[in-house]
Amino acid sequence: MPNTFGHLFRVTTWGESHGPAVGVVIDGCPPRLPLAAADIQGDLDRRRPGQSDLVTPRQEADQVEIMAGLFEGRTTGVPLSLLVRNSDQRPGAYDEMREKFRPSHADYTYQAKYGLRDHRGGGRSSARETVGRVAAGAIARKILALAGGVEVRAFVTRVHDLAVPAAALVDFPTLAEVEASPVRCPHPATAAAMIRRIKEVRAAGDSVGGIIQCRVRGVPPGLGEPVFDRLEADLARAMLSLPATKGFEIGSGFAGTLLKGSEHNDAFAPREGGGVRTVTNRSGGVQGGISNGEEIVFNVAFKPTATIMQRQQTVDLHGAATELAARGRHDPCVLPRAVVIVEAMAALVLVDHWMRQRAQCGTFDF
Amino acid sequence: MPNTFGHLFRVTTWGESHGPAVGVVIDGCPPRLPLAAADIQGDLDRRRPGQSDLVTPRQEADQVEIMAGLFEGRTTGVPLSLLVRNSDQRPGAYDEMREKFRPSHADYTYQAKYGLRDHRGGGRSSARETVGRVAAGAIARKILALAGGVEVRAFVTRVHDLAVPAAALVDFPTLAEVEASPVRCPHPATAAAMIRRIKEVRAAGDSVGGIIQCRVRGVPPGLGEPVFDRLEADLARAMLSLPATKGFEIGSGFAGTLLKGSEHNDAFAPREGGGVRTVTNRSGGVQGGISNGEEIVFNVAFKPTATIMQRQQTVDLHGAATELAARGRHDPCVLPRAVVIVEAMAALVLVDHWMRQRAQCGTFDF
Amino acid sequence: MPNTFGHLFRVTTWGESHGPAVGVVIDGCPPRLPLAAADIQGDLDRRRPGQSDLVTPRQEADQVEIMAGLFEGRTTGVPLSLLVRNSDQRPGAYDEMREKFRPSHADYTYQAKYGLRDHRGGGRSSARETVGRVAAGAIARKILALAGGVEVRAFVTRVHDLAVPAAALVDFPTLAEVEASPVRCPHPATAAAMIRRIKEVRAAGDSVGGIIQCRVRGVPPGLGEPVFDRLEADLARAMLSLPATKGFEIGSGFAGTLLKGSEHNDAFAPREGGGVRTVTNRSGGVQGGISNGEEIVFNVAFKPTATIMQRQQTVDLHGAATELAARGRHDPCVLPRAVVIVEAMAALVLVDHWMRQRAQCGTFDF
Amino acid sequence: MPNTFGHLFRVTTWGESHGPAVGVVIDGCPPRLPLAAADIQGDLDRRRPGQSDLVTPRQEADQVEIMAGLFEGRTTGVPLSLLVRNSDQRPGAYDEMREKFRPSHADYTYQAKYGLRDHRGGGRSSARETVGRVAAGAIARKILALAGGVEVRAFVTRVHDLAVPAAALVDFPTLAEVEASPVRCPHPATAAAMIRRIKEVRAAGDSVGGIIQCRVRGVPPGLGEPVFDRLEADLARAMLSLPATKGFEIGSGFAGTLLKGSEHNDAFAPREGGGVRTVTNRSGGVQGGISNGEEIVFNVAFKPTATIMQRQQTVDLHGAATELAARGRHDPCVLPRAVVIVEAMAALVLVDHWMRQRAQCGTFDF
């Protein structure tokens, strides 16, 4: 289970940072979905290293190969198998990590858990693993789009202490607005400041974190399962399963705890054209674990990248104190590349819950 | 799956607010564990309604009955079945909810999902469901304690805008310190202010939320599974599966995004007596999804209780605008009773991951 | 997982032979199903001890109590919790088993696995556990009937060496034909011989086994999942999970291995009214793991009851050779009571696969 | 789930008969296992087409490539990803199958389930899928061997009506005895007759089936889980998930139903050197779903190959009656190549249950 996500739309990723390839198997994909490599490549390109001067210069074309599951341009209902080859490997660059644990990385915990580890570029703990998630997420997003125009949009709202003004976060951003800047913040002035900050930090051999917001519109009411598989619980798990994440909040989130119930409750009102809407959306599109048809809105906190170009105090495999030298390639800020990964995980959660909802509530009619 | 939690230590809860009983089945419990109803009752009493004048006056003795799985005072490895009868039911008190959706409750979403709902006291969406979680959690906590002195301690750190000073949160609180006040905040001055605030809010027919912190000490390195079943991902899911939760953060959390990497990284140092420790704990006891032996520290945000004693705008089953009258019993602040529920869920996550770790890394020795 | 069956229609049984009750929790039941205790009681009565002079005289009314999941006569989509109290317990009757392992029972293996066991009446390994399966199966059968007239019919085709003539097995038996004799064999002459044989064997303190055939008609094409969750694979697992079963075969089964391919293949022909049928049914209603719309036909082998009224050589808890005295209550032949259990398990498999089929192939339409 | 097998040692296969490759991802493999491609290749060679003149002449080298999960010759605890390229593809040879359903194949049911199918060589329903099972099984067998000398040995005991004499089936056959003949029957005289029969049948454009027996020795007591995940239930499912299987029996099986309880029960006796043994083994090594330390013995029935070189009556995609011409490559008898597949599936079941047993009963010590 550890490398599989989802119950009905099941995604299993495999591969290490410096192995021959990384990949993903998707089991349970609905049949007859029109699909081509190009549907997946667009999202991989948004995750790709070397795409701008804000991110790691590792050179990877990240071309997806579809090994199974397609026939004459459509999914057949059997497993899709996708892989992306690793090309720009510099395993020698990691010789120091063989013996020394990098602070705030997974080196020590993998060693403690498994009794050995592939130290090259973090091995399996590398964010390179997310290639498979993004590839699967691209398929999930296509399903959601075809299913009824569901759109998943993530974007950077804060880098370090530079935040988009709350007043600028009202509308659902377009993809073009998000992609307009390499930092993937849809507010141009803030984006410009973020870019400057990231470059300054990189120049200093340091790193920064921040916050990504994700919104989903078009989700019908009824997705999500009481009591443990609430939609927000699965979204939280999905986000906290991403490297470098430290927090998740939905709707009013942590700030909502400062309101009273009379200020926080979302009054119901009739929806034009039938149905029910909420006048406000402090619930974030989910009530009692189930979507209510409003926009799903959540935030994810990313810590500053653990890899920095500064000497650090650490311990070696034998338990002796030592220092780690400063070198290697890294992202001074993971958020620009993480936007599409957040979207992918959100889409995977939604497709899976959609299928679960239909299975229980749409199979038999009494 | 929706009502089951865990992979190897599997907990399935059942029951509605106004049915004859609520219960839980625990499958996978290790055999030979000494267990009696008294081991469970203590935690149920901490969750029980009517335990203080800060919480709902609903009268429930919440006496646990063990229906299966014990033999001569020990678990046998087969399912434990526990139930707690509902006694203080006032189904008539909920007649208005049959037709009207309570704002920020699960009424509308259950109706949308299932096409019908048990409206009495929220039915399955009632926090009464957590009786089963607490009962199972008590068993998990006993296992953790016997396994090696692992302690799980949750406590209230903020109610509305009243927060324990950060400087007072250094030491691991004792159970006695937490239980010293009915609000379960271990800082006496803040606890006193919180109690006043909750009483004021209740008098005004309103409600408040806040933050619960949970710490776990004694966890060995190696628990947690890359890449999707990270320990923090499963903790996040566990917490967001609780009623009224809106956010989760581990270690440095959202605030940590304001630091640079050079400020945020946890340097490693040799641990006295062997092994490795971190000098700081911004990681919150987890690195790369796996416990590192430090204290696990996380926060959970609870929104203000949705039930308030004020008239509210809503919609009825037929989609027409209407008003909901103010009445019923409720908790003006769920946090005091939620403390033991947070502990229960954390313990369930840890026992499950402990078993998973042993299964993969401790079954065969090469 | 060990005590849970199914992926989407999930059944978890609990309880021991001499505990206070046995029960079952059903998670994932479709909402809005009309349901009452009477829908379940009929099947429990067919499994009940003491129902005829062919079966154990243990007296159990086996009245089902619905503890959760129903509201105003319909399922609500949340877990159903059912229990049946144990009344005729004679734990003292089992004192000898505390120290001695009964041959061909689970006494030794439970002790070896768990390091302790509830020896009273076999504890969890008792066929009393199947009460929960039958209760859940009754609900599954109601769903199948309402879904489209699917009928599941099991019946005894052989006891010891007394078999129904093959020529008499052509038509789908009616429930009345099966229930016409207490041995549940629809062929009156064979049934009469079987009854005589069972009585003779019981008089000699011995036991017999035999074969149950199960047929299902009305199943639409498309149920079953390649490659591991084939319909026949899940049926095989379901049947081999029943106490006393030693074999399973579908369609032509073991005898089919004596045919050549040219004799064995089921030719296809157009079905009147549209669609496809097979001219013969050696496939048993399943091809490539997926139902083809023909009758599903399989056989299950049950060994002779392990409990016999004769002295037997065995070993005690301390590894010493000893003898087991002959006493207790038992079924000289389990097949008459097992018929409804086989039906229950078949129905559980089918409902689960129906939901899975719809989830993948019926949720999204491209 | 459909393409994944196992709970803790999880195997997911992917790939079609005429896609670029077939493969398998193994999640949960214990770390530190010494492993090289050569450990896997031996079993793949036993499954390979073209290995003798009894099997299909399709030419596939079936060289395994390890894409992930190994580091310096040992498993690391992360997913293993293995693939085998397809080379001898003749998709044009299958043009007739695009429109016509082959009798007793999965063509019609895949079409009915998914609304489309990859008709080339059966697509996903081809036995080529078992490449992944055999590769994973080779790893499982290595684990079992290193864990304590557990040996899994399958062999052909009947082809058509040619059976090994019962008296010749007493000893556990050596691998050399099984591999001594291309038909993999360890009884030389019977093997010779089987080979003649297969060649006769092939010459006539026909096919035959038969029975494979599998034995496992060295399994410790305690593996298997009540009540649904019994060891024999999981073995049954594993075997019925293989293409062309129609039946499974363990221990005394179907023939055991002809005995009385007094004849069938396995008396217990002290085991030399401590512990308990059974005097006979009609239980087949499993009691109450749990291994008892005796040899595990089961039989699997394989139908005659559905592909035959004779004209057959069938139906086309449009529901019209038609004929299928006789051509293509095929195995006149699948049993010789299925031996290693049966071993693989048995090994997968055992490793998984071993890990489950340790997780529940070996993680905590009370």
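Going in written order, the chains are labelled A, B, C and D, and every chain counts its residues from 1.
Note that a contact is a pair of C-beta atoms (placed from the backbone, for glycine too) under 8 Å apart; a residue touches a chain by one contact, two chains touch by 3 or more.
Fair warning: this is a prediction, and the values are worked out from it, not measured in the lab.
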| item | value |
| --- | --- |
| Partner chains shared by chain A and chain C (touch criterion as defined above) | B, D |
| Chain located farthest away, centre of chain C as origin (C-alpha) | A |
| Distance between the centres, which are taken as Cα means, of chain D and chain B, whole angstrom | 45 |
| Distance from the mean Cα position of chain C to that of chain B, given in whole angstrom | 39 |
| Centre-to-centre distance between chain B and chain A (centres being mean Cα positions), rounded to whole Å | 26 |
| Residues of chain A whose C-beta touches two or more other chains | 1-4, 7, 13, 28, 31-32, 74, 77-78, 110, 113-115, 124, 226, 356, 361 |
| Chain contact graph, described as a line, ring, star, complete graph or other shape | complete |
| Contacting residues of chain D [partner chain C, same complex] | 1-5, 7, 13, 101, 103-110, 112-115, 124-125, 129, 158, 160-161, 201, 206-211, 221-230, 232-241, 243, 245-254, 256-271, 274-276, 278-279, 282-284, 286-293, 301-308, 310, 312-315, 319-321, 356-357, 361 |
| Residue ranges of chain B in contact with chain D within the complex | 8, 28-34, 74, 77-78, 143, 146-147, 226, 354-356, 358-364, 366 |
| Sites on chain C touched by chain B in the complex | 1-4, 10, 12-16, 19-23, 25, 27-28, 31-32, 67-69, 71, 74, 76-81, 83, 113-118, 123-124 |
